[in-house]
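The following blocks contain the structures, represented as C-alpha cells.
Heads up, the next two complexes both have chain A, just with different partners, chain B and then chain C.
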Partner chain A sequence: MQLIKSIMSLLLLVSSYSYSYSQDLVIVVNKNNSINELSKNEVIDIYMGRYMTFPDGKSAKPLDLPANSKLKSDFYLKLVNQSEQKINAYWARVFFSGRAKPPESVESIDDALNQLKDSEFGIAYIPESKLTDTVKVVYRLNED
Partner chain B sequence: MKISQKIYIRVALNIAIVALLVSIVTSFFSYTSGLEEKKTINYSLVKQLAQTMQKTAAMSVYLTDIDLGTEIGNGLLSNDLVKGVSLSGGVDMQLTYGEMDNVLEQISINLMHPFIPDVQIGLLTLYPDDIYIQQQAQGDSEKEVLLMMVNSIIIIFFVSIAVHQRLTRPLQYLTDEFSQIDPSLPETMQMLSVRSRAKDEISRLIKGINSLMYELRLTMSNERELRIKTQELEARFRLIFEQASAGICLVNQQNMITVYNPAFESLFIKEGDVEMVTMNFPILLSNPDKLQELFDTIRNKHGVDQLTLDIECTVGKETKWIHCLFAKLTEQRDSVRDNQESLIEVVLHDVTERAEKEFQTQFEADHDALTYLLNRRAGERKLNNALSECIENEHKLMLMMIDLDKFKPVNDNFGHEAGDKVLVEVSRRIKNQFNLTTDICIRWGGDEFLIARQVEDFDLHSAMTQAQQLLQDIEQPIEVKSNTNCDVSASIGLVIGPNDGQVLHKLMMNADSAMYQAKESGRGQVILFKKT
Partner chain C sequence: MLFKYIMALTFFVTCISSSVKADDLNIDFSGFATLSMSYSDDPDIAFSSNYLNNSEAGFSFKRDSILGAHVNVTLNSDWDAVAQVIYQDRSSTYFNDFLELGFLRYRPQRNWTVRAGRINSDLFLLSEYTNVGYAYLWARPPHAYYSFASTVGNYDGMDVEYNSQINNGFLRIKLGLGQTTAELIAGGEDLSITFDDLYTLSAVYLKNQWTFRVAASKSNFSNFKSTAFNYLMDGLNSLDPTNTWPQPAQLASEFEARNHTMNYSALGVVYDDMNWLIQAEIGSVESDWMVTPSNVNGYISVGYRINEVTYYSSFSVAKNTKDTPKMLSSEALPYLPEHYQLAAEELIRQTNYALSRTIVDQKSINLGANWHYSDTLVLKMQADHFMLESSGGNLWGLNSQINIDAEHDVNLISVNANWVF
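And now, the complex of A and B:
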C-alpha cells in the first residue's frame, strides 16, 4: 500500500509538473484591437520582423519575454522550431542593415499585460493561465 | 636553308619537330579538356558561393531588405567568377547587379523561407563570367604548353648531348680513324682502337671492322706478294720474249698473228716501212698453200705437236730463208676452257745466211769449179734419178756424150788458160741450148761432156737436129786471146734411154761407143747408137 501510495504520488507529481510546463501559450492583443484572429504565418512575420504592421495595416509592436526564460524559449520553439540562440543570431544579422528590429523585451508577463492594456499596437505571448480580460487571444500555440 | 648534316643536330631537330607537334596536339586537347574542367570547377565554385549566401539572401528576401540584398549582390559580384547576380523574391524584391547579357549558363538557387520549411520565397541567380573562366583555362593551358616546351627543349638538349656523346663522337672518331685507311696501302690498315669497357653497337662495329680489316690486310698482302712475284716473272718472261733473237708469234685459228715480239717484227718489216703488210701468217710468209696445209696438219692430226719448216719468203726486195718451228700450244687453261681456240706458237730464225752458205757449199760440191756444169759425181746421181723418172713416167731420156776434138793442140799451142777458156765457152754454149730445168749438163771429165734431156716422145729427127745444132754451136770460133780465135769440134754419141739401156751404166757404155764411133768416122759428127 505504501508502495502504491508513493508511486501514485510520484505519478501525480510528474503529471502536475508536466501540466505546469506544457500549458498552452496564447498570442494576445489589446481587447480593442480590431484584429480578432491571426494565422501562424502572420504571427511569425510580425515576430521575425517581416512586417511591422498587423494584416489590417495598423502598426504592430511585438513584445518579448525576458531572455533565457522558459516561456520565451518555448514560444520560439513552438513558433519557428528554433532555439533562442538561433533567433538571437538571426536578429544579429538582420539588425546590421537596420531595416527590421527585434521585438521589445519586457520584464515579466505582468509587465507585458500592463503594456498591452495601454497600447492597441502591442502583441505578446503569455501562458493561457495568465489570461486577463484586458486582452484577447488571436492565436493559440498548440502542442502539435 | 642548309641543314647541318651532323647526326646529333639532325636527331635533335627531328625530336624538336616531333615534340613541337606533340606539344601542339597535347595542348589543344589539354586546353579543351581543361576548359571543360575549369568550367565545371568554376561553376561548382559559383554554386558554392551562391550556397554560402543562400541563408542571408533568403533573409533579405524574407524581410524585403534591399540594403541587405544589395550587400549580398555586390559581395557576390566582387568575385571574379561572377559576372552578374539577380535576387528575386516577390514583387518588391527584384534586384540585379552586374551584366547578364550573352550569358548562356546560369546558376540558380532556391531561397527558402527561413522559418517555415518547404516554402520558397525567392530565387538567387548567379551568372558565371565565362570569358574570365575561359581566360583562366587558356592561361593554364598556355602555361602547360610553355612548360611542355621547356621540358621538350631540355629533353632535346640532353638527348642531342647524349647522341653526340654516345653516337656522334664515337662515329666521328670511327670516321676519322677510317679516313686514314687507304685500301691501296695495306700498311695503313691499322687496327682501330676499341674503348675496352664499352660493349655497345659501335664497339661491336669497330671489332667487326677490325676483324674484316685483318682478313683483308692478310689477303691483300698475300695478293700483293703474289702480284709482285707475277710481275717479276712477267718481266722476266717479257724480257725473254722481247729480247729473244728469234722471232716469236702466236697464230690463231684464222691463221692471224695475235702476238709477236720485236724480233719477229724486224724479220718482216720492209726497209722504210713502219709495220708489217699483213697479219695473216701464211700470206706474210708468202707461202699460203703450204702453210695452210701445215697448220691443218698440226691442228687436226693427233700426235703431231711440233713441225719444222724452212721457208723462203720475200720481204720487199729481199729473199729470206726462215726456219720455222711450229708448236701447238697446249695450255693447261685450254682444258678448262674447251671452246678456247687453239693457238700455234711459231718460233722463227732467219737462216738466210746459213742457207746461202749451204747452197754455196752444195753448189760447189755439185759443180765443176771451172765451167759451173755439174761435176761427174753429182751428174751421175742426177742422171740416175732422171732415168728412173723416165722409166716410171714412160718418157724417154735423150743422152749425148760429147768429146771435144782437137782440144789437146789448143792446150799445147795457146796454153792452159786458153784451154780453160775454150772449156768455159763450150759449157756456156751447151747450157745456152739446154736450158730447161730438167736438162742435165755435166762436165764428165777433161774435155768430155754429158747432156741429158727428158722428152715425152722420142723423135729421131728432132733429136738429131738438136745434136747437130749443138755441134754447130761448138764449132763456132772461140776467142782465146785478143785477136786470136781457135776452132774446136766435137764428136757426139747419142743414145735414147731406156731403149738403149735400162740402167745408166749400160746407157753410158752405149753412148760412149757411139761417141767413139763418131771419132773413128772422122770426128765432128753425131752418131746415134744402134743396137747390133
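And now, the complex of A and C:
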C-alpha cells in the first residue's frame, strides 16, 4: 500500500512538474528589439512563415528548440493546436513551394538565448524559468 | 517573350543592387523524393497520375516516383530566388518541362511580394507542392482533380501578392499573369497546348484550423500540336467535294485552338487540427474548345490521426458538363464513289472516337494509411477503386481495341515512401 502511495505521489509530482513547465513558455526577443509586445496571431505569423518580419517591418529570425523535444511539442500544440508531425508536413509544403524557410533549429535553450543575445532579429520560445536579462518577453503562451 | 525580359531585368537589377552584402547571401540546397510501387488491375486501361505523365497498366515503379532538387538563394532581406527541378516519368523529356520553379522574388514591404520567372500557379490547394509527396496525405493528389491541374501547375510570368491580418485570420490575395505550354498525354495521345495570356487571381484565408481558398483564371489556347488531330483536321477539311456537307469543315475548325478561351474557377476548404484532416476542392472548367470540353471536378477527403498513422478515405469525381457532338454521315455519301465512301466512313469513325476521348466521366473512392515514420520519411499505402462511365476515360490510356462505350472499373494499389532531405 505504501508503495502504491509512493508511486502515486511520484506520478503526481511528475505530472504537475510537466504541467507547470509547459504552462510557462514565453516568447522572447533580444532586449534591444523595438518590439515590446506581440499578439498570438503575430507570433503565429512569424513561426508559420506567413511574414518574414516583425510588425515594425524589421527582419524576424525565428528559432526552434530541438526536434521531438517536449518544449517544441508543447509550443506548437499551444500556438496552433498541431502535432509536430503535422508541423513537419506543413513546412514541407511551405518550404518546397518556395514561400518561406522553417525556423532555424537550435541545440538547446541556452543556444537559443546565446543567439538572441547576439541578434536583435531573433525570436525564440523558452520556459519562463530560463529568462535572462539579455532578452525580453513579448508574449506568454498561457495568456489566452 | 515579355517575361524573359522581365526575368533578365530583375536579375540584372538584383545583381547590381548595392544592398546585396556578402553577409546576407545564403544558399540552401534540399530535395524530396517519392519511391512508389503500384498495381493497376486492368491491362487494357493504363493509369497515369496526371496529364503530364506516361500511363501504364499493371505493375509500375514509375507512376508516382519522383525526385526533386530545390535551391533557395537569399540575397538579402528583400530579395531571394528559388529554383526547383524534378525528374518524373513524363511524356516530355526536355529539361524545360522538368523545371518546376525558377523565380526571383522581391518583398518591397511586409505585406507585398512580387515574383517573376517560372512560378507556381496557386490555383489549387496543392498547386505549390503537388510533387512533394511528404507534404500531403495521399499516395498522389486526387486523380480526378489534379490531372487537370497539372496542365497549369506553373507558368512563366509574374505575380503580385498581398497579405494582411483580417478579423484574427490571415488573408493572402495573389494576381498573376503569364503563359505556359503543357506537354501532355490526354486520351492516350501526345499533345502540346499553350495557354497564352493566362491571368490568375486567388485568395486564401487562414483562421485557426480552417483554410478557405477561391481562385479563378482565364487563358487563351494557342499553338496546339498533335499529330493525330492534325491528320484528322486535314481529312475533315478535304471531305466535302459536293459542298453539301458542312459538318466536317465545321468540326475541323472547332478542333483548332485559335480563338478559343478557357475560364477556370475553384473553391477549396481544409480543416486541419491535431487529429483530423478534412479537405475538399471543386473546380469548374468553362471552355469553348472541343479538345478540352467544359467539365467539373472535385474531391472530398477525410483523415484521422492515431499516433503516427493517419487513416484516410477520399471520394473524387470528374465529369464533362456539356454534350459532346457526334459526326454524322452525309445523305449524299451513298451516291459518291465507293472508295470515297469507305474513306469517309473511316474518317467519321475516327472523328467520333476522338470526340469520345475528350469525355471525362469518372468517380473514385480510396482508402489509405499515412505513417509518419520519421521527421524525414513518410510511408503510405492506398487502395483506389475507379469507376469509368461510358466513354468517360479521358484521363486514362485506353487500348484502342477495347469498347470505349462500355463502363469500366479499375482497382489500383499503391505503396509509397516519401522523403524530404
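Assume the second predicted complex is superposed on the first by the 121 of 144 C-alpha atoms of A that agree within 3 Å, B and C clash if a C-alpha of one lies under 4 Å from a C-alpha of the other, contacts with A are read in each partner's own complex, and residues count from 1 in each chain.
Simple rule for what comes next: contacts are C-beta pairs under 8 Å (C-beta built on N, C-alpha and C of every residue); 3 or more make two chains touch, one makes a residue touch a chain.
Here the structure is a predicted model, which means the values were calculated and not measured.
A.B. asks: Put chain B and chain C onto chain A via the superposition and say whether they clash or fit.
C.D. replies: Result for chain B and chain C: clash.
A.B. asks: Have a look at where A:36 lands relative to chain B and chain C in the superposition and call it first, second, both or neither.
C.D. replies: Touch partners of A:36: none, neither chain B nor chain C.
A.B. asks: Classify the contacts of A:82 with the two partner chains as first (chain B alone), second (chain C alone), both, or neither.
C.D. replies: both
A.B. asks: Looking only at contacts as defined up top, I'd like to know whether chain B or chain C touches more of chain A.
C.D. replies: Comparing chain B with chain C, the partner touching more chain A residues is C.
A.B. asks: Could you look at A:99 and tell me whether it touches chain B, chain C, both or neither (first, second, both, neither)?
C.D. replies: Both partners, chain B and chain C.
A.B. asks: Looking at A:68, would you say it contacts chain B, chain C, both, or neither? Reply first, second, both or neither.
C.D. replies: In the superposition, A:68 contacts chain C only.
A.B. asks: In the overlay, answer first, second, both or neither for which of chain B and chain C A:49 touches.
C.D. replies: Touch status of A:49: first partner only.
A.B. asks: Tell me which region of chain C runs into chain B after superposition, given the options 134-142, 260-268, 368-376 or 386-394.
C.D. replies: Among 134-142, 260-268, 368-376 or 386-394, only one stretch of chain C overlaps chain B, namely 260-268.
A.B. asks: In the superposed view, which residues of chain A touch chain B and also chain C?
C.D. replies: Shared contact residues on chain A (touching chain B in one complex, chain C in the other): 41, 44, 50, 81-82, 93, 96-99.
A.B. asks: Which stretch or stretches of chain C touch chain A in the complex?
C.D. replies: 28, 30, 32, 68, 70, 72, 77, 82, 84, 101, 103, 105, 107, 109-110, 120, 128-129, 131-132, 134-136, 163, 165, 168, 170, 206, 208-209, 272-274, 277, 305, 308, 372, 375, 378, 420
A.B. asks: Considering the complex alone, what residue numbers of chain B touch chain A?
C.D. replies: 56, 59-60, 62-65, 67-68, 71, 114-116
A.B. asks: Residues of chain A touching chain B in their complex?
C.D. replies: 41, 44, 48-50, 79-82, 90, 93-94, 96-100
A.B. asks: Show me the residue ranges of chain A that touch chain C in the complex, using the header's touch definition.
C.D. replies: 41-42, 44-45, 50-53, 55, 57, 59, 67-68, 77, 81-83, 85-86, 88-89, 92-93, 95-99, 101
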